[in-house]
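Chain naming follows the written order as A, B, C and D, and within any one chain the residues start at number 1.
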Amino acid sequence: MIAQVSLTRRAFAEFLATALLVAAVVGSGIAAQTLSPNDVGLQLLENTIATAGALFAIIVVFAPISGSHLNPVVTIVDCAIGRRSWSEAIAYIPAQIAGAIAGAIVANVMFDRVAIETSTKVREGSNIYFAEVVATFGLVLVIFLLVRTGRAMESVVVVPAAVAGYITAAYWFTSSTSFANPAVPPFIIAQIVGAALALAAVVVLTTQAKEEVVSE
Amino acid sequence: MIAQVSLTRRAFAEFLATALLVAAVVGSGIAAQTLSPNDVGLQLLENTIATAGALFAIIVVFAPISGSHLNPVVTIVDCAIGRRSWSEAIAYIPAQIAGAIAGAIVANVMFDRVAIETSTKVREGSNIYFAEVVATFGLVLVIFLLVRTGRAMESVVVVPAAVAGYITAAYWFTSSTSFANPAVPPFIIAQIVGAALALAAVVVLTTQAKEEVVSE
Amino acid sequence: MIAQVSLTRRAFAEFLATALLVAAVVGSGIAAQTLSPNDVGLQLLENTIATAGALFAIIVVFAPISGSHLNPVVTIVDCAIGRRSWSEAIAYIPAQIAGAIAGAIVANVMFDRVAIETSTKVREGSNIYFAEVVATFGLVLVIFLLVRTGRAMESVVVVPAAVAGYITAAYWFTSSTSFANPAVPPFIIAQIVGAALALAAVVVLTTQAKEEVVSE
Amino acid sequence: MIAQVSLTRRAFAEFLATALLVAAVVGSGIAAQTLSPNDVGLQLLENTIATAGALFAIIVVFAPISGSHLNPVVTIVDCAIGRRSWSEAIAYIPAQIAGAIAGAIVANVMFDRVAIETSTKVREGSNIYFAEVVATFGLVLVIFLLVRTGRAMESVVVVPAAVAGYITAAYWFTSSTSFANPAVPPFIIAQIVGAALALAAVVVLTTQAKEEVVSE
């Protein structure tokens, strides 16, 4: 299916998918802050459940067209392991960034807001960069272990459900600040570090050395 | 299976499925308002989770009989793309409307209420029509991309889980007013606009031009 | 698989499965009341999510052994449509009742309680018998439409997920009193009425008249 | 796939999987306590949902490599029924313990904490050892009935979804103290008792006596 869809159309799919996801994340964040003003944890729970629902639906729907990357980090790792050519990243990444901006605008128009201030920040400090490394490490590990072990192909719901499950947890066990500040340089560095560590772990876990096969 | 079920029986299935869904949406809305009077967000969370559970169950159960449209917009788009004849819409849509009325009555009798006032409204204003466009756009996109890419056929849980996931998010990222006021004219116009835009996106994303196949 | 398991073992499976489910329902009800004393809706939400998780796990685990009925109503309908002999109901139903009692005792011992008073009652009145009819109608409809359309066989997760989804909704859109008072006579009558109506609907929706096949 | 992965790599997978799970459990516990200080039940709900999401993702991802045991009890039962050699347990169990420690450290660094005090304890007393027996009994029963009936092989999502569902319930229907104190001797004894009872039940439910096959 992917081979039959032109790059322009696939980039449009990434634009649309990312816009829908960001509209869901930002919109549900605004709604949660407005409707549950007295408990920040409850706000985050509401935001988590809305995001998990959107992620599952969006990934399962767009995967046969563009792969549903939704994130430059996923696209870059996909190119790094040779599943896509780097020329595709040049189309995908701007589409994802434009989609994120469009989705945030849509959410703010729906909720009649001019200024954007929607992050449900948990905490601040230098430790959040470490949290960003962990969050990205986990996301890349989940996706690419499923791909490399062939498990992603066994059922169309595996990747959407695993990513939605992982992000549900990651909203809680790490700072979710990255959703609000994806372009701040220290976060970008943290994401690259997390992705590189995850890719190393994936390679270690799925590449079989010859002597091992023999010695087993 | 569908071809073997008479139109009368399929319309009865749509009536029953829509009645169950609306009973679940309205009934859980009443229960949430009664049991969690101090936090409107918590009410919406309770309503969301009950609705998602009902949607998954109802779609997976009635799909082999009637398709589980549950909504005139879905039926109309299904006819527009040629998967059903328009004569079927004439049976389905009244069944869905009658089912919605019956479901609301059942919910109110169960909770011993005479008047109906169950919407957990988030906000009001002209922007909610835009939100209705977005909500319908997303629903139609989710369902018909799954259908057109063939993904809907790969597992019987894909469409029910994706729709339940999407509506979970849509309860939060858009106004859910449409569930309470489906027949108000501006909402109908918004739904038609959203459905038309989604159908255009589905066609763009899944129709392959000949020159593209060649040029790839 | 079922044909290879003796009736004694299958009845033991029903005992164990029902005990685990009731321990989960009652235990999570006690925990919710204790930990969230200020919001009855939040208690019900916690109880709902724990019950849905337990139901999915228990149904998927015991289904290949006993069918995971967990409820005399399901067993009786299964016999009524000829999928099981009535002699099996004579073994299953006492096992389910004994399991429910054992599960309630286990929950109370775990939480160090002597008296049992765990129902998170929503409301009272004659309308709750109507709600019980609706709740049973929906449960029987969900299970036996999946069975009769063959959908239950397409994936092992369909029935567990659909039942868990339905009960999630039913905790909210109907009174969940039936979980606490299954043996009170008016409830038993309401359950029989609901089951009979559901069975009639299943037959109407899945039995094809000969002239219909011809006239299509 | 398992046969092709060296024991060292599989043990590394158990280390990584357990570290991610414990980081999610401990980290979400800290976040829930911080963000929802006024309702312990809401904290446990947030902790439950984050844990369920992490469990599903981690089990589905690591299962094709190491089996995703995540727990010495599961490894020991797997050896006891002859699916793994005891020499493997000698590699797995230290990896799981080291992973749990690493995960707890990661969570505390992310949240900038020195001391660890994250358990959302429900209650205390001698009855909690009984609860630990029940909790372990259920977990071992769920996993090994799915394995022994062959159901685990029918879809890659069955075991992850069933375990996540069961733990969701177990967070509520039993004391979740075991997550905080896995190495306290009375808990270890309780876990062994629970696992042994579950294994006996699994054998009873899935081993067919010859006379039964004849007499059916």
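Observations
The definition used in the following text is that a contact is a pair of C-beta atoms (placed from the backbone, for glycine too) under 8 Å apart; a residue touches a chain by one contact, two chains touch by 3 or more.
In this text, all values refer to a predicted model and were calculated from it rather than measured experimentally.
Look at the contact of subunit A with subunit D and you find different residues on each copy: under half of the numbers used there are shared.
Of all chains, the one whose mean C-alpha position sits at the greatest distance from that of subunit B is D.
Chain centres here are Cα means. That of subunit A falls 38 Å from that of subunit C.
One finds 27 Å separating the Cα centroids of subunit B and subunit C. Multi-chain contact residues, meaning those touching two or more other chains, occur in subunit B at positions 39, 42, 45, 49, 52, 155, 157, 164. Contact topology of the protein chains: cyclic, one closed ring where each chain has exactly two touching partners.
Every pair of chains in contact is given here: A-B, A-D, B-C, C-D. By the touch criterion stated above, subunit D contacts subunit A in their complex at residues 1, 3-6, 9, 12-13, 16, 20, 23-28, 31-32, 34-36, 38-39, 42-43, 45-47, 49-57, 60-65, 106-107, 109-112, 155-157, 164. Subunit A makes touch with subunit D in their complex at residues 39-42, 44-45, 48-49, 52, 122-123, 125, 127-128, 130-131, 134, 138, 141-142, 145-146, 149-151, 154-155, 157-158, 161-175, 201, 204-206, 208-209, 212-213, 215-216.
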